[in-house]
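A, B and C are the chain letters, set down in written order, and residue numbers restart from 1 in every chain.
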Amino acid sequence: MVSNRIDHKWGMVVDIDKCTGCQACVIACQAENNIPLNTKDTFLQKRVNEWIRIERYWEGEYPNVKARYIPVLCQHCDNAPCEPVCPMYATYHNDQGLNVQVYNRCVGTRYCINNCPYQVRFFNYWHPGWPERLENQLNPDVTVRSRGITEKCTFCVQRLRRAELKVERQSGSRLNDEALEKGNYAPACVHACPTSALTFGDQHDDGAKIRSYFDDVNAHNIHHEHERETRGYRLMEEVNTRPNVIYLKKVDQYPLGKGDGHV
Amino acid sequence: MQEGRVLPAEQVNRDLLRSILETPKWFWPVVGILGLIVLIAAIIIGYMINRGLGITGLNRPIFWGFFITNFVFWIGISHAGVMLSAILRLAKAEWRRPATRAAEVLTIFSLMTAMIMPIIHTGRPWRILYWAFPYDFARGIWPNVRTPLIWDPSAILTYLTSSTLFVLIALIPDFAVLRDRTTGISHRIYGLLAMGWEGNARQWKLQIIAGVLLSALILPVFVSVHSIVSWDFGMAVAAKSWHSTIFAPYFVVGAVHSGVSAVAFVLILLRWMYGWQDYIRHEHIDGLGRLLVVVATGWFYFFVMEVIFGIYGREADEIAVRSLQFIQEPFQAWTIIFIVTTYFIPVALWLTRRARRNLWIMSLACISVNVGMWLERYLIIVPGLANRTAFTFSWNSYVPSAYEAIIVGATFAFVSMLLLLFSRVFPLIPLYDIKEGDILKNESVKIGRRVVPAVFRED
Amino acid sequence: MSSHSESHYPHDMWVFPDAQSTTQDVARKTASTPGILKLGLAIAGVLAILGVVGFVLRMTSDGFSDYGAWGYYAAIFSYIFVITSSAPLVAVAFRLTKSHWRRPISRISELFALVGVVNVILYIPLIYLLPPINNPNFVPGMHGELQIRKTIWMEVPFGAPHLWDFLGIISLAVLSLIILWVSVVPDLAEARSSANGWRSKLYTLLAGHWYGTKKQWIHQKISLALLGALYFMMVVFVHFLIVSDFAMSLIPGWKDSILPPLYTVTGFQSALSIILIIAFTMRKWGGYEKYFGTSVFWSASKIQIGLTLLWTYHLFAFFITLWYGRMELEQNILRYLMFESYSWIFWLNVIFIFLIPFWILVWNPVRKTAWGPALAGIFILVGNLLFQIRIFVGAFNAGDIYHLGLFRVPPPVFPDVWDVFIVLGGIGLVAFIYLIGTRILPALSVWEVKEGAMYQKMGTLYRGEYLVLAKPE
């Protein structure tokens, strides 16, 4: 273990109010992480592999129909239910708050996938293949997973490692929001989002943009959700997974009459 | 309970060893057909390991389907052995005598078959074989003992080892009989297995003590194996209908239910195939039927508890799974079939003495139970995964592929084939148990004008 | 031959009572009340009166509106209910399995039906205490509040749960009394001519129709089998009702499918234990050693140790499922019932129901004695009381039941003087009624013991003497 590694705790804030459902994050993630192509066959086989996906829910009756979008990605739970159930220790929680997947240790029992309440883990049923020229666009920093292996969002850990190498070890300064932005070190989805609905940062960094949201959500427990002053909440809090991803409620200008427009 | 006649020991030997010393005409063709099915399945498994699990019908979010259902099913069948040989021996039920060997052997073969399933259903089976072993092969990383998936092989292998030891020790006197009746290489092998058995008083005493001790010691293993397999599901927190405290005893009682039914069916088959009418009598099937009434009702109680407390909290995600199981097609049809075949038809039959003594009806009832219990595991696993998270966007359905169906069917052929091969080499009805029963039932008690059959009680 | 043959059983393993003297002996024992029995009656009576005092004072000080103060009452009701309703099962179940060792103890177990009547009376205050299913303070939109508290009654059918639970308890009491009556009739018929005074009148009333014809015996056998099977299923069902409505649904967020089986197993275990304690007492001091061989205890102790292990297994299944999932509301349940609020009572519970009885009963020589299972039984009974207190006092004091779950772990509730009176009173009441019952009805099932004596004899096999047991179909 690297002893002089600075203690980060990565987190993400997803602002549903800003999300337009454009799926740029999905494409960026697919490109960055060598995710196999989701073809028509994949959808027909119901085996779509999208480390971040946009879930779309319809509300209301015509003509007052609304579409709700929520990007769902690995929540990197501090209390991850996927971690204790892997027989091979292929998934564990590292010291930066990430839930990491070790591909070469995974035998593909798929218990972790079944135990993920957010359904954000994916299994490679087939050996991945790309049409001939498309192999040139594969990211050399990321493994191409063979079949039989489980995979999921890693918060683009390859970028974070490069960031640590270049920013912290080579130039000695701390990796903060500005450094992440400048070097494109935040996850691909964060950079691709046109409305900046996704924000990434270090929870241990006092000046991080995400910090105020995390502080607020951490200050209140789930039983007083309606007393929160900001829009922040965690997905499926009753399962007590303690995710490192916070969602910000959508503010409905014209609510459909269903409570407070909470997605 | 003592309806048969007491046969001389030589005839007992002759009848029960007939399957070993002579080969029936139908034997090799039947084994050949079963072997062919197993071979086809083995080829398919090879293809699957080569190409990947994509050839199955598994998808997102139903990552466990036919294979895991089959795994749990065969573990269930394996519980027959201990129930019949250990528990009935400790309860001194005389009618267990012809059933014990067949039950124990069914246990061993079904455990072996069950263990194949989780190995082939993983993405990279060649790794799991040695990484699940409790040794840090890969740079100091041991298997994760916190996961039920590691408790599984520990429990199953313990059960397999202890059942095998149980059978081998119980077989020693029979090995000696075979040793004395064969020549050549068979003689040497049986001699090795008989370990110098002479049948003197001291050896018999040790044999009985070993039997009783192993029976008692295997009981905790028997309860824990299926509890641990049930905790594969019970420990999961994301599939709401799985996170129920009752899974452990529910699965164990269900396993006894399906296992004892399977053994009853196997006994009826053996009686027909080998002409063992004097040894597997109606009274034995009758006794099994009565035991099954109690076990089935206990199972039904646990099933009702599971369902009631599933919907007790009226939590939306759990109700979603239950409504898929009980209200929506196609699962509603399967659920109705499952409940009727597992409980109502068999128990209604088993409550009448005429049905219990009719071998055709008993066979059908026992097959019905096992069909229903296979469906039960399927209905726990697949609907539990299909509608499992609160994110309805990911809900999906599962259609098994032909490959999975063939592999599942081949497991039945595999177990049958192994049973037949075993019967060719070792006696499926324990010789000394039958002879002991004959000795112990020589007495009778005169009550008024009736002469009531009686047994000696050694303890 | 017989001079060389030796019985390899302990000398008091099997008994062969003489049919002629059994009836008179048992009738004589039923009619006479020795001094020690009078003392027992007196003590039990005093405790029962204490219990009534405690109940009345509790009623005047707290009334029925706040059910939190009645936790200990519910605990002792549950204790009495689960033991006395499960006790006849020992006779019923082992008659169905045709086990011969149940013969001497079957009447002991059936006599608990007399105490079953008390269940009905003790249940009545609980009807007032059970809160309604609909939340009277429900405000739509308030976080964490439910409109209907979690309950097994789906759409709140008419009268549920008060009416149906009450019907369940009444039906159990009535069924067990019928089973007792059907079983005791041959004995009363035999004794009615020789009994004097009120006993003769009572016996003629209850058993006047019985002449011991073949048809009547067959009728009795079939009735006992059918009623017994029905009773077994009803007991399990009513246990499920009581523990779900009075314990599980009162702790918000406690969803536990194994609690009814665990509760039922606790009941069986304690019922068998108290029967073995009574059997030991009768054998040692009551002069019944001619009828109870140690074979009874040896066989029953296997069931006892099996039930002990089964109890532990169910408890462990409950613990491991809730603990592994790490869900906060479930962890709070564990903290409340096991590890924080009621932790010392929980550990005592485990020690008394599992650890001590297991280490007593695991030794074969101890199981072959009469005192071994009885001693284990005493610990089991104490442990069961602790179990009921933990569950029911915990349930009655868990705070607002109309919430999604236990958001904070409530503190434990210790008994005050009235609670102690109530608990002691319950035990005294059971003992009092039971002892009175043994004066009215014979405590040994004479017809069954005589039937057993017909079926057994000592026979010689090779060089040993063994018991020969007839096995009629």
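The rule is short, and it goes like this: a contact is a pair of C-beta atoms (placed from the backbone, for glycine too) under 8 Å apart; a residue touches a chain by one contact, two chains touch by 3 or more.
The shown structure was predicted, so the numbers you read here are calculated from the model rather than taken from an experiment.
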* Tell me which of A-C and A-B has more C-beta pairs in contact. => A-B
* Chain with the smallest distance from its CA centroid to the overall CA centroid? -> B
* For chain B, which other chain has the most distant CA centre? -> A
* Taking each chain's centre as the mean position of its Cα atoms, how many Å separate chain B from chain C? -> 35
* Structure fact -> Rounded to the nearest Å, the gap separating the Cα centres of chain A and chain C is 56
* With chain centres defined as C-alpha means, what is the inter-centre distance between chain A and chain B in Å? -> 44
* Asked: So which stretches of chain A touch two or more other chains?
  -> 81, 84, 239
* Among the residues of chain C, pick out those that touch two or more other chains and give their numbers. => 324-327
* Asked: Residues of chain B touching 2+ other chains?
  -> 235, 237
* Structure fact -> The answer for chain B against chain A in the complex is residues 51-54, 56, 58-61, 63-64, 118, 121-125, 127-128, 131-132, 138, 141, 143-144, 146-150, 232, 235-239, 385, 388-394, 396-397
* Across the complex, what residues on chain C touch chain B? -> 148, 150-152, 154, 233, 236, 240, 244, 253, 255-261, 302, 309, 313-314, 317-318, 320-322, 324-327, 454-457, 459, 461, 466-473
* **Complex interface listing, chain A residues touching chain C** => 79, 81, 84, 222-226, 238-240, 259
* Asked: Where on chain B does chain C make contact in their complex?
  -> 1-2, 90, 94, 220, 223, 227, 231, 234-235, 237, 243-249, 297, 301-302, 305-306, 308-314, 439-440, 442-445, 447, 452-458
* Structure fact -> Counting only contacts in the complex, chain C reaches chain A at residues 141, 143-144, 324-329, 331, 404, 407
